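Below: the structure, in structure tokens.
Chains: A, B, C, D, E and F, in written order; residue numbering restarts at 1 for each.
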Amino acid sequence: MELDSKIMEKAATLIEALPYIQRFNRKIIVVKYGGSAMADEELKRNVIKDVVLLKLVGFKPIIVHGGGKEISRWVSKVGMEPRFVNGLRVTDADTMEIAEMVLNKVNKSLVSMVNELGVKAVGISGKDGQLLRCDKKLSNGQDIGFVGDIKEVNPKILFDLLEKDFLPIICPIGFDDNCQSYNINADDAACAIARAVKAEKLAFLTDVEGVYADPKDKDTLISELTTDHMEELLNSGNIGGGMLPKLQNCLDAVLNGVSRVHIMDGRIAHCLLLEIFTNKGIGTAILKAGDDHFYTPDEK
Amino acid sequence: MELDSKIMEKAATLIEALPYIQRFNRKIIVVKYGGSAMADEELKRNVIKDVVLLKLVGFKPIIVHGGGKEISRWVSKVGMEPRFVNGLRVTDADTMEIAEMVLNKVNKSLVSMVNELGVKAVGISGKDGQLLRCDKKLSNGQDIGFVGDIKEVNPKILFDLLEKDFLPIICPIGFDDNCQSYNINADDAACAIARAVKAEKLAFLTDVEGVYADPKDKDTLISELTTDHMEELLNSGNIGGGMLPKLQNCLDAVLNGVSRVHIMDGRIAHCLLLEIFTNKGIGTAILKAGDDHFYTPDEK
Amino acid sequence: MELDSKIMEKAATLIEALPYIQRFNRKIIVVKYGGSAMADEELKRNVIKDVVLLKLVGFKPIIVHGGGKEISRWVSKVGMEPRFVNGLRVTDADTMEIAEMVLNKVNKSLVSMVNELGVKAVGISGKDGQLLRCDKKLSNGQDIGFVGDIKEVNPKILFDLLEKDFLPIICPIGFDDNCQSYNINADDAACAIARAVKAEKLAFLTDVEGVYADPKDKDTLISELTTDHMEELLNSGNIGGGMLPKLQNCLDAVLNGVSRVHIMDGRIAHCLLLEIFTNKGIGTAILKAGDDHFYTPDEK
Amino acid sequence: MELDSKIMEKAATLIEALPYIQRFNRKIIVVKYGGSAMADEELKRNVIKDVVLLKLVGFKPIIVHGGGKEISRWVSKVGMEPRFVNGLRVTDADTMEIAEMVLNKVNKSLVSMVNELGVKAVGISGKDGQLLRCDKKLSNGQDIGFVGDIKEVNPKILFDLLEKDFLPIICPIGFDDNCQSYNINADDAACAIARAVKAEKLAFLTDVEGVYADPKDKDTLISELTTDHMEELLNSGNIGGGMLPKLQNCLDAVLNGVSRVHIMDGRIAHCLLLEIFTNKGIGTAILKAGDDHFYTPDEK
Amino acid sequence: MELDSKIMEKAATLIEALPYIQRFNRKIIVVKYGGSAMADEELKRNVIKDVVLLKLVGFKPIIVHGGGKEISRWVSKVGMEPRFVNGLRVTDADTMEIAEMVLNKVNKSLVSMVNELGVKAVGISGKDGQLLRCDKKLSNGQDIGFVGDIKEVNPKILFDLLEKDFLPIICPIGFDDNCQSYNINADDAACAIARAVKAEKLAFLTDVEGVYADPKDKDTLISELTTDHMEELLNSGNIGGGMLPKLQNCLDAVLNGVSRVHIMDGRIAHCLLLEIFTNKGIGTAILKAGDDHFYTPDEK
Amino acid sequence: MELDSKIMEKAATLIEALPYIQRFNRKIIVVKYGGSAMADEELKRNVIKDVVLLKLVGFKPIIVHGGGKEISRWVSKVGMEPRFVNGLRVTDADTMEIAEMVLNKVNKSLVSMVNELGVKAVGISGKDGQLLRCDKKLSNGQDIGFVGDIKEVNPKILFDLLEKDFLPIICPIGFDDNCQSYNINADDAACAIARAVKAEKLAFLTDVEGVYADPKDKDTLISELTTDHMEELLNSGNIGGGMLPKLQNCLDAVLNGVSRVHIMDGRIAHCLLLEIFTNKGIGTAILKAGDDHFYTPDEK
């Protein structure tokens, strides 16, 4: 019986995945998902499929998502003007109300997509199970409204949902002792959660390819960044506004028990799968100085 | 040492609660909460306190809530006109989007209030854990949009949350196989859930005192209604529009394993507590014909 | 619908109990019960009701009881003379036999009363499960017979019974390696058991209102006594014979992990309930110096 | 190296026990213990050692004991007169009080002896865990006081204690809904308990060798009695007063799930051990008609 | 960033596996492995990799292996002559001894290969945990030695090993009550085990492509065979000697709770993976008449 | 009724075993079994019976066996010459293959014998569950083939089998990272396993009576040897070749958590039983200096 070479390649691809599946078995992987990758329905479906596959082969993925563009759209819709200070949304009471509504709607739409693939998801916010307790975050000393600074993560609800085999999907809304809601930056939330659950991996699906040594030169993409080179890079002055806090978060995660953080381009179909299951590195990996390069095991 | 009589009465009240606490120990009680009782912040806090107390003394309460007035407010806010057919909201795609956002917002505000009292709540919709699978519901054969008819309840997520000691709060949004969201009548959702978890009790906190034999005569409040008198009443022509489907739901619940259904006036402070813990009956109780009157145990 | 103010007060009382129920959820509370409060059948029933209520709302009560008066009655009944040295019963072999019989009888009568309220109790002595291992206790160097000094507490049987949802009731009989029975002072037993199970609270239901700064002046009842004031009090010379070892026991308990000890008047109906569930302090509370006054939480 | 034949016989005896140990592994064996065998301290210690050995090799023994002689002694001690009607003790309130005290004392002395051998026993009465619920038993229609007729056995406490690896020791005191204590015939209690826990074996340690076809002829001891021969024997008129209800109990047990009942002479040292572990049958075995003779497995 | 099409195909292949991974999650798959596929080291490694991958993505594979050729080699090696009657090995005591040694050696070599891939295997025979109890199998009434006919499968050891996350590997040696070893046909063993554990799938890795309608015409390979066509085929006279008992086994398995049996060519690299994870059917599938074709789910 | 003295002695023997049964309850006992004791079928059956009895009375025995003589027999059978260097078998690839086959055969024959007595055994090698990871062992720097030096013991498989109530039987074959098999000295394996599972006792059934102070004088058998006298003995020059590594192993075990090691003559019927259950010490016990002589508890 003849089997065409394409079929044989399929087998090879599955076998290639074996050491990675083994390595991440029962490990928690936090996926931060936002930006353009969320706008395109096709891309969204691809991301969800990737995460569902991770779940099915034995990993324990958790999704943390944003929804900034959709919030702005709804703020405008009710006749208000979205305002930002230093890249942070000015969040008065009305905006906060809209933000919470919109983020929860986005949350449940992701739940539905996972449902459709036959895996049970549960969508929660940082209020549920008292997951994300906040204070008000100031922007250079300025009060910009109900923007939250995470004070305490209570991961019990996450461990409980994972134990019961659900896929948790989290929208970054927090609370304080006075029942006030806060809008939290999704990167901050993902990072704090990854630390609290001691995730093996934290992956940021973003709108950029990764970290550039020189953002103006697309050929300077850094594929691996250790913590000791990070400082150098942060001091180079080459890192722009949006990337700066993200890198700070990555550094924080890696220094606090998350084995590896990835910044990758969520607009590439199945980037998550390719990063995890193949030798082809996607985007930038941030890891502790001295960690060995165990992510590309040689097949025996 | 003299203790004033007021203190002694307090002790008496607590002791009076003993047989009720005993009776409902580890039993599931579904509380449908909506209407005017939700509009008043003070009443809302009272309801939440009651449910939290039920949780703390060993019951397993589940809240199902509505939010119709708030939905209408937001529909208007974005410049649309709320429309109803036979008392059911006409729910086009835009309205559905708003309804889901608003109900989730209400949901999380209830979660916050429970949090504040030191009990951990988890707010979910009917999408989470694939709780409420729907079809489209027609109104006398007429398509009125994404109004859901519950086809299947999957209570696993509820049992899991109860086992992990959370208080589940549910907003009545469902889903179908095509990832479409549906707005479900909160009474329908509460009833279907009470049946699926085999609740001991289902309590409707409404805007009326209970069921009247003659709605025009406030002196005809029925305090106990058995299933065999129900039919008679339904045929009397005295039951008005809003009450009709509610009674149908009650009948359905009682005939399918829920021991007792209560319709009570959510505007009375702590009505839930008084109904459950004292001999003072509140509103109307619906029970199976032949069931004994075990809810008012004589103290030994 | 009008609800009279009395009904509303009932609701208020139940709601008032909420923070206390929350605070003691799944905590162990050891109740030492003896003296006059045991002689009156009505009071006895009240105490038992209180403990059953504690059990039903989620606490884990353990009863340790005495029975001195009943022992004396039976010693006399068989024609012997009860004898005491320094307040300790001289316990020869015959007296020991009677004491054990009487205490077990008292024990089982308490079990019956709990049974009757629908909660399952198990009555054990310090021999069962090798709970209380003893040596002979001397009274100022004098051998006064089989009076036990607790050498070792083996709380496994208590944890097992609590886990299986029983209410343990303990009579203070111990054993030694030679199969000899010992009569143990019930205060000593309660204190040793509270320490061994790391009880949250130890409550002595006694024949006095509490501790007086000056026992001759009923107006000097101390409602709160911290460990550092205790020494001062013990040195004042104002504390009489019976209270002295009791206070020593209290100090010992508080210094060894029991959060708070209460001395209260068991002759006040439902004193236990009032102490735990209301802001009205009953008797004297003994606590560690520096512990905050968390027992009267302000309602939010 | 020479080993004397005595040592080799020891090995042989242990090996001989192997199939029996295997057969009763994790099986419940109820031992009714009373009469003369309880009066002699040496015999008592032997019985206890046997039961402890059964426990240690993996069986689950439960002891049910009597104490009639000791009760009579104490009734006399307080100046009353023991009275009997048809072999049943007339049990007025005073007698009941003494009976309960004495039986509990006997109970705890057995607990102590087991303790001493390093196994943890828990002594309970039929009140604990609501084990034995009773009605009043009449003697030929005559009220003879608080003699109990078992209405309901609630074995939860026994299963819980066995699960936690305790050896339960039970004294035959029951209760009714009004908190009244009852004295129960120990044979009745043992039989009811054996049925309720579905014991593999029920052994009566008595003052007779077993059942005689002709009680006047000691050579007519019956070593095996099947249920179908039982009736014949009961009708023969040869069975005397004391043995009659005992045989009725045995028949009842065997017909209700207890595999085999033994009546043996408790005055023979280690009779229990010899019966169970050797081919030497002791006393009379009662078994269902048609049951095979599996108790003397041939060694392979 | 450009990703070459090959990389994208890899992602597509992984995603294609998703519905199959989902379908077989926690299902038991028995793999019968023998013949030529075992002779080639490269093929052997491929089969083991496939099974390890199945294990890692959440299935519960069990391997049953043969070793006929290796047995013959060793029989010759010690100077004996392998003999067969009707395709069954004549198994005298000496041959049995060699067969058991050889099969255990093969068994442990498979264990080693699984070990090497980081999954823990446990190799057992049908003696371990009393897995396969046998009688002697006659060949047309003729005694051909210690060839076993399976009388009873005791799958406890398999469930225990699977629960503890081991991969069981079984060699087909059985036992009888007299401690005698038996050589069992590996197909028989695989089939009996698949039935006993209620396997989802039983896959035979053989030396042929599958079942042919006409074995002389390689173009008549049957890709799907339902039980009702089976009889027809068996009666056609076209099925040769070796395939006949195999098909009988398949029929037996499918009629007794195994959802689907596969006969495939073990010499095709990764045939198992391709069969399970792709739409490309390999070999012949045997299924119950009327079963739907759920094995090729359409991707949504 | 008269019971002859022989019967009474049986009872006495069983009672004598009580404190030992108590002491070793749920303790792990590793039995190294090899040499002449394995050659005689009658002795073999006796050893197996002893171990089965240990299992049934609540111990957790593990058997580690050798099979040197049988290996040599098979090496000769295929026309090869067994070779030894310094008492270690020269193990080329062919010899290794035979050794593995023979040891597995011996292993399964022991499994069968345990099966026959009604206890479930599971026979494994050091490859199963990755139990014994090895390196090559040199003999005075000389490569003698695949003789294994244990590098790592992974006892999970043993704990899992014990938890599931199986009796593990282990043959000393190890593996390395390259899938290579190694022949391990059975004494080494038993010792390493006893350490890894923290066995209470390690018993070597050998061909000698025990350790002699002077091997030429059979009257110098040492019945108890503490670790501090061990060195003295090792330095005396009196200890011969075969005993030297065995004593080194014993010392190693006792210093690493095994309470007591026994060297005894496996040719004495039931030596294991006699050693454990009677006051008659058999062979030589090795224990830590300072350990009390708790193995001969006085009966109370």
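FYI, contacts are C-beta pairs under 8 Å (C-beta built on N, C-alpha and C of every residue); 3 or more make two chains touch, one makes a residue touch a chain.
Chain identities (UniProt): A, B, C, D, E, F = Acetylglutamate kinase.
As the structure is a computational prediction, the values presented were derived from the model and not from experiment.
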item: Set of chains adjacent to subunit C (Acetylglutamate kinase) and to subunit F (Acetylglutamate kinase); value: D
item: Subunit B (Acetylglutamate kinase) and subunit D (Acetylglutamate kinase): spacing of chain centres that average the CA atoms, whole Å; value: 56
item: Centre-of-Cα separation between subunit F (Acetylglutamate kinase) and subunit B (Acetylglutamate kinase), whole angstrom; value: 68
item: Distance from subunit B (Acetylglutamate kinase) to subunit A (Acetylglutamate kinase) - Cα centre to Cα centre, in angstrom; value: 37
item: Multi-partner residues of subunit F (Acetylglutamate kinase) (at least 2 other chains); value: 116
item: Chains in cyclic order, anchored at subunit D (Acetylglutamate kinase), direction fixed by subunit F (Acetylglutamate kinase); value: D, F, E, A, B, C
item: Residues on subunit E (Acetylglutamate kinase) engaged by subunit A (Acetylglutamate kinase) in the complex (per definition of touch); value: 1, 3, 7-11, 13-19, 21-22, 25, 49-50, 52-53, 56-58, 116-119, 209, 221, 265, 268-270, 273-274, 277-278, 280, 300
item: Residues on subunit D (Acetylglutamate kinase) engaged by subunit C (Acetylglutamate kinase) in the complex (per definition of touch); value: 77-78, 97, 100-102, 104-105, 107-109, 111-113, 115-116, 120-125, 127-130, 156-157, 160-161, 164, 166, 173, 175, 177-179, 181
